Amino acid sequence: MHLSNTTPPPGPSSPDVPVLSATGISKRFGHVTALTDVSLEVAPGEVVALMGDNGAGKSTLIKILSGALAPDSGELRVRGEQVHFANPSDARAAGIETVYQDLALADDLSAPANLFLGRERRKLGLLGRLGVLDNKRMQTEAEDYLRTLGARVPDYQAPVRMFSGGQRQTVAIARAGIWARELVIMDEPTAALGLVQTEQVAQLIKRTRDRGIAVVVISHSVPFVTDVADRIVVLRLGATAATLSPATTSHDEIVAAITGAATGTPTDPQESTP
Amino acid sequence: MTPHLPIPTVGADVSGPDTMKRVRRAAAALTSNWVFLALVVLVVAFSLQAGGTFLNADNFRNILFNASGTILLAVGTAYLIIGGQLDLSIGSVLVFSQVIAAKTIVAVSGSAESGYPNAGAAITLGIAVALAVGAAWGLLNGVLVTRLKIPSFIITLGTLGMGLGLAQVITKGTDVTGLPPQMVTGIGMRQVLGLPLPVWIAAAVAVVAGLVLARTQFGRYTYAIGSNAEGARRSGIKVTRHQVVLFTMMGALAGLAGVLDVARYTTTQVSGHSADNLVAIAAVIIGGASLFGGRGTIFGTAVGVMIPAVLNNGLVIVNVQPFWQTVAIGAILIVAVAVDDIKRRQQLRAS
Amino acid sequence: SATGGGSGKQRTIAFIPGCTCDPYYSTEIAGFKAAAKAAGVTPIVQGPANFQASEQIPVLQAVVQKKPDAIVIDPTDATALAAPIAAVVAQGVPVMTTGNNVNSDKIFTAIAASSVQGGRLGAQELMKQKPEGGKVVFVHIKPGISSIDDREKGYREAFDGQSKYKVLPNLYAGNDSATQAAGLVQSAITANPDLVAIFASNVITAEGAANAVKAAGKTGKIAVLGYDASPQEATNLKNGTLTALVSQNPYQIGQLAVKNALKYIEGNRSIPKDQPLVPLVITKDNLDDPASQTGLYK
Amino acid sequence: MTPHLPIPTVGADVSGPDTMKRVRRAAAALTSNWVFLALVVLVVAFSLQAGGTFLNADNFRNILFNASGTILLAVGTAYLIIGGQLDLSIGSVLVFSQVIAAKTIVAVSGSAESGYPNAGAAITLGIAVALAVGAAWGLLNGVLVTRLKIPSFIITLGTLGMGLGLAQVITKGTDVTGLPPQMVTGIGMRQVLGLPLPVWIAAAVAVVAGLVLARTQFGRYTYAIGSNAEGARRSGIKVTRHQVVLFTMMGALAGLAGVLDVARYTTTQVSGHSADNLVAIAAVIIGGASLFGGRGTIFGTAVGVMIPAVLNNGLVIVNVQPFWQTVAIGAILIVAVAVDDIKRRQQLRAS
Amino acid sequence: MHLSNTTPPPGPSSPDVPVLSATGISKRFGHVTALTDVSLEVAPGEVVALMGDNGAGKSTLIKILSGALAPDSGELRVRGEQVHFANPSDARAAGIETVYQDLALADDLSAPANLFLGRERRKLGLLGRLGVLDNKRMQTEAEDYLRTLGARVPDYQAPVRMFSGGQRQTVAIARAGIWARELVIMDEPTAALGLVQTEQVAQLIKRTRDRGIAVVVISHSVPFVTDVADRIVVLRLGATAATLSPATTSHDEIVAAITGAATGTPTDPQESTP
């Protein structure tokens, strides 16, 4: 029902099949159970917010969705087809891009080099076929793109090691935004960001959704989530605790669902299947 | 822990339409590269002290000739270190490859009495064998490091012993001799445009390796993996495969250095390469790389090879007492790198 | 199998070379094994990978555990090996040395081609080849290797008082790499155009020196002596990049070691404590002599 | 990159009131420490193969005696590596210290003819000199590393040359001999409770160093600095001073090892010890330390010293061909560390 | 005037002298000017929030206050006495504790070892004088303290390398809280925290203030800042842009001051001197 609130996604995707669906995911680390039988579905052009306390298993879940971790059990489907992500490349090949909480930037490389890491632009002709990079073009494109994000990058030639936390975060988000075709997953993208940059990330998420690309975003900020999300999934102690619609749920109800203070408020979990 | 070369950051746009600008920028980079300047200062100082005795084409040719093998090893080591790995086994791989290559050449080239009738084919085959055998050892190193997930320091310390021991088993501890003299005249000491062929080979390898590292996707991935292997993996880079390739390259270069050595001396040198690993690593680090990966250049590495090479030569020529030479080389090493670092920090502050 | 002596008991003799890294030792080992086989003796050959006392002593101690009838050792250090050898003798295992000396009276014999004498003979050969005089240089590996230090000693004694010759400071190829030796020799040639003779103190420095002379285009103009007589040195002697070799006759020493050890085991106590051998100088002229041919290493 | 020893995390509470519990816990830690088990397996295998020839008090005494010098060097190296540093100069520092100490002893102990009347005082003085000279070199290393802020790899590569060269200058390249025999009987080979004195000294150093590292503030700071030097600095730890102390300790231990060597051999060994750095680093890494700092133990380091020592001895006794020994040592090294790592990961998964 | 809203601080401090005052602080990194002539005063028991966009210079300022960086120019006073912090130990000796944005934890040490880093508890008697640690006591104290913070630490013996971002953050904050006598400085302490943990940090800040210890806290979250701060100082492009009182300033006015959208709303900067 909350899907009806969003504009119908453009692009090639059929709106009825979920972009990604995860069913019955469980994961243990040694004696720590991080996830127990968690399911999640994301429709095309839908923005799903993942909330939950520290250690609830959010990062673990999205690492599984993005191929960085293998689940102990459970099933993943992309556009209805069952998939096994052996590594993040598989997920990327399926059009899924991820911004990890522990940023996956190469500290010694510049911002453009990081933006294009793994998908470098090469020169035209023979040189390009030999693997020669077109650094000029990458830098220009990176500048253009980061400008549209409103990001201030102090130096396009300096290694990102020199950047502030926020600046590094911007680079990581920009990278996912450029490359996603089906789904962008973001683990606390705004944790280190200022108000302006947070607003810009919200805009980016909305623009991404409008391009028909789905978004899964983890955040601890209720105002931010209420602003961007079509649906809120709350994890508690490694299990799905509630699925909420921001349009029909109050701030306090959301907080209650996360903290587990009240159990009456969350909407019916069955609703999570659109 | 800081890079010594003010070469632009990896990923920065260094190409430009204006050639003059590029030349000027290159000159600026060189003159602000203090390890390189230290090398220049050494050359000038020896020239002032010894005049034409030091400063002559013959002498420079000799210095380059004797450095050519180390260049090959240091180039491979630079890739590995930048990619976050170490290879201690290079001396053993060199010896093992040269033993197999030499045995092959001796077997194929025909009898000495008849003037080694098949020398040409045998030498070509020998070079191919050396490259292949070296690459195979490198592949083994790479596979062990990436599969067993134990530090390359341990793996290559292990293969160091295995390679050397097997080479001794094969040769029963003596060197392989009886190689055709065509190896020396045709390769090992062949003069091409005024320089020995091994110098050209080392220069070509260094230039290509430098361009590949600075300009291509392969080089970019090397830096990325050394900088943050998990991040590179998440970016879709095939980290394991890349690391295996780096080790294999290293092995092939050690094989090449080994067969060029045979071509120069017409004998293997089973016991003469135990310090090769430290010499190569030192060159890379003097040249500004970080032992922790992600930083370094081939140009810096070449400078790092040349500083000890010039010192070894110049100190003999200006007749410094032998034991003081050892002291001087150690001290100058520290001073060169220290000056580079201090100047770099000053520049940073002033800019 | 054949028995080694009148007792009919199978004898075991151990040989511990200075290292397993050198054609000199592999030749001595070959001589030792050949003689052992001929005499029906079980040979044990164990040696350190590097020429170092601290590596050789553990090998000696491990070999003693096998209780051989005698031990032949080529000591890496005259002083450091004295006490360990004495300890072995105290356990009832007789010990003799070949090659280098040890400062100990506990050994029953020492068979050696004196390094000091070899250095002297080599230097005299260089003087013979360059009677007009000039500068000479000694290519060392690194100080503290007693056999090479002894060769240098003989070399200096020979040139002492010869006013026609000027002895340059030594060159030290510290990593024992041929290329390092070549670079140093080339530097010395560059710095001293009037260099007439080079004394290369072991197999690897001889390879480097020969190559440096060749690269400098001075083949035949500079007399180059290579200590030892490895196959490659012999080749270089033939092609003129080396002009003389000093052979220590390791194959013969290996054979003599077995003979002497057997004699001692069988109760012969009249073996002389010192059995000096004269190192053999080999040049192109005498290369084909039978003596020279047996002096070449395998 | 992972530690091999399932010793509790630094900072965990390891003391407990119940002695039985502690013993049981220690036993559990040992049996789940696979590098240690590899050592046990080696000992058992050699004993089965060679029986009493290998398994006898004399032989074990020799193994320990021969390993005692390496233990001293490896303990210092372990502290440095855990603290995030490297020292390549240890062999040179050892040689330099032993040369000065030996010269002192020869000068003070009196003439050989009169039976070295002052031998006792001379030896005491010599040991003090060796410790002081070694510590001074270590101090120099530490000061250079922390002031110049260039990697310890470069600094100690420089002082490696300087120390060795100066030792050669002082000795003019020949070893110092003529030491009083009292050194051997009184120290170098003196038997105390059935073991040579140097073994007791090495054992005492290892035990004290192990306790200090695991139990005291000094040890805690060493781990903290190697783990995150900037974080340690911000926590108020005097990082620079601590690092200088670590280098000084290393130097003093090298000096101690040097003078014990002299006491055993009655001669210096100017030409030896060039591989000491690699041997010590290897022991520390085999014992489970990370080359990047923050992890490692003295117990692991001791196991890392003993594995090659036992192999060197056992392979000779079971009469493996010398060249195959080199191969075997390399291979066993890899296998021991790999098994340790694989088992640890399995345990982690199963627990 | 906003100070009158707080309870008068207990403890030994005289309430009239600022705990810390910084005047005319400037700092450049190469060609980047991070701070220009910034001044800041903190009264005893006062909670000052530092806000501003990414790259505004907040972290640089507090690194200077805590001795981790030396200013190019400007003056620091603690309780009226001029000080020069050569390193963080000097600041710690003066009673100032800091939680850095790039967490200063030793990854290979356990949580108790990190809590007590640099101030280890030693055994009693001779052993203690020899430097022998009392790990048992440190662990007990750490458990007690972390429990009062409501922190869930998964394993008191595991290295903190294994912890989630939030868990690591909790350890860092707890460390500062234990040791501060005059002032606690926190750089984005809640960036990685869940709602429950954020609320606990707010409680911790208030409890700290009630003990008469001043707090300087950086945050991008307006609700959080409004909840805990007595005064808000806004940095923009390395300079002080505004000083606001949360009690009398609306959410939108604060946002405007940070983004620089409107210039009329901020209160008079002179007000920053109490």
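By written order: A, B, C, D and E. Residues from 1 in each chain.
Criterion: a residue touches a chain if its C-beta (ideal position, glycine included) is under 8 Å from a C-beta of that chain, and two chains touch if they have at least 3 such contacts.
Everything numeric here is computed off the predicted structure, so don't read it as measured data.
Undergrad: Walk from subunit B over to subunit D along touching chains and report the minimum step count.
TA: Steps on the shortest route: 1.
Undergrad: Between subunit B and subunit E, which partner chains are common?
TA: A, D
Undergrad: Name the chain whose C-alpha centroid is farthest from the C-alpha centroid of subunit A.
TA: Checked the centroid distances; the maximum from subunit A is C.
Undergrad: By mean C-alpha position, what chain is farthest away from subunit B?
TA: Max centre-to-centre separation from subunit B belongs to E.
Undergrad: Where the centres are mean C-alpha positions, what is the separation of subunit A from subunit D, in Å?
TA: Result: the chain centres lie 50 Å from each other.
Undergrad: How far is the middle of subunit A from the middle of subunit C, if each middle is the mean of its Cα atoms, in Å?
TA: Each chain's C-alpha centroid was found; their separation is 72 Å.
Undergrad: Take the average of all CA coordinates in subunit D, do the same for subunit E, and state the distance between these two points in whole angstrom.
TA: 44
Undergrad: For subunit B, what residues touch not just one other chain but two or more?
TA: Expected reply: 164, 168, 172-173, 274-275, 321-323, 325-326.
Undergrad: At least two partner chains per residue is the criterion; list those residues in subunit A.
TA: There are none in subunit A.
Undergrad: Would you pick out the residues of subunit C that each touch at least 2 other chains?
TA: Only 20, 49-50, 143 qualify.
Undergrad: Under the definition above, what is the set of subunit A residues touching subunit E in their complex?
TA: Result: residues 32, 52-56, 59, 101-102, 152, 154, 164-167, 170, 188, 191-198, 220-223, 255, 258-259 of subunit A touch subunit E.
Undergrad: Applying the document's contact rule, which stretches of subunit B touch subunit A when the two form their complex?
TA: 8-15, 212, 215-218, 220, 223-224, 226-228, 230-238, 294-295
Undergrad: Which of the residues in subunit B come into contact with subunit C in the complex?
TA: 50, 53-54, 56, 58-59, 62-63, 65-66, 69-70, 164, 168, 172-175, 177-178, 181, 189, 196, 261, 264-267, 269-276, 279, 309, 312-314, 316-319, 321-323, 325-326
Undergrad: Within their complex, state which residues of subunit D touch subunit B.
TA: 1-2, 88, 144, 148-151, 153-155, 157-166, 168-169, 172-173, 274-275, 278, 281-282, 285-286, 290-292, 321-331, 333-334, 337-338, 341-342
Undergrad: Please output the residues of subunit A touching subunit B within their complex, sorted ascending.
TA: 66, 68, 87-89, 92-93, 98, 100, 103-114, 117-120, 122, 130-133, 135-136, 138-139, 156-159
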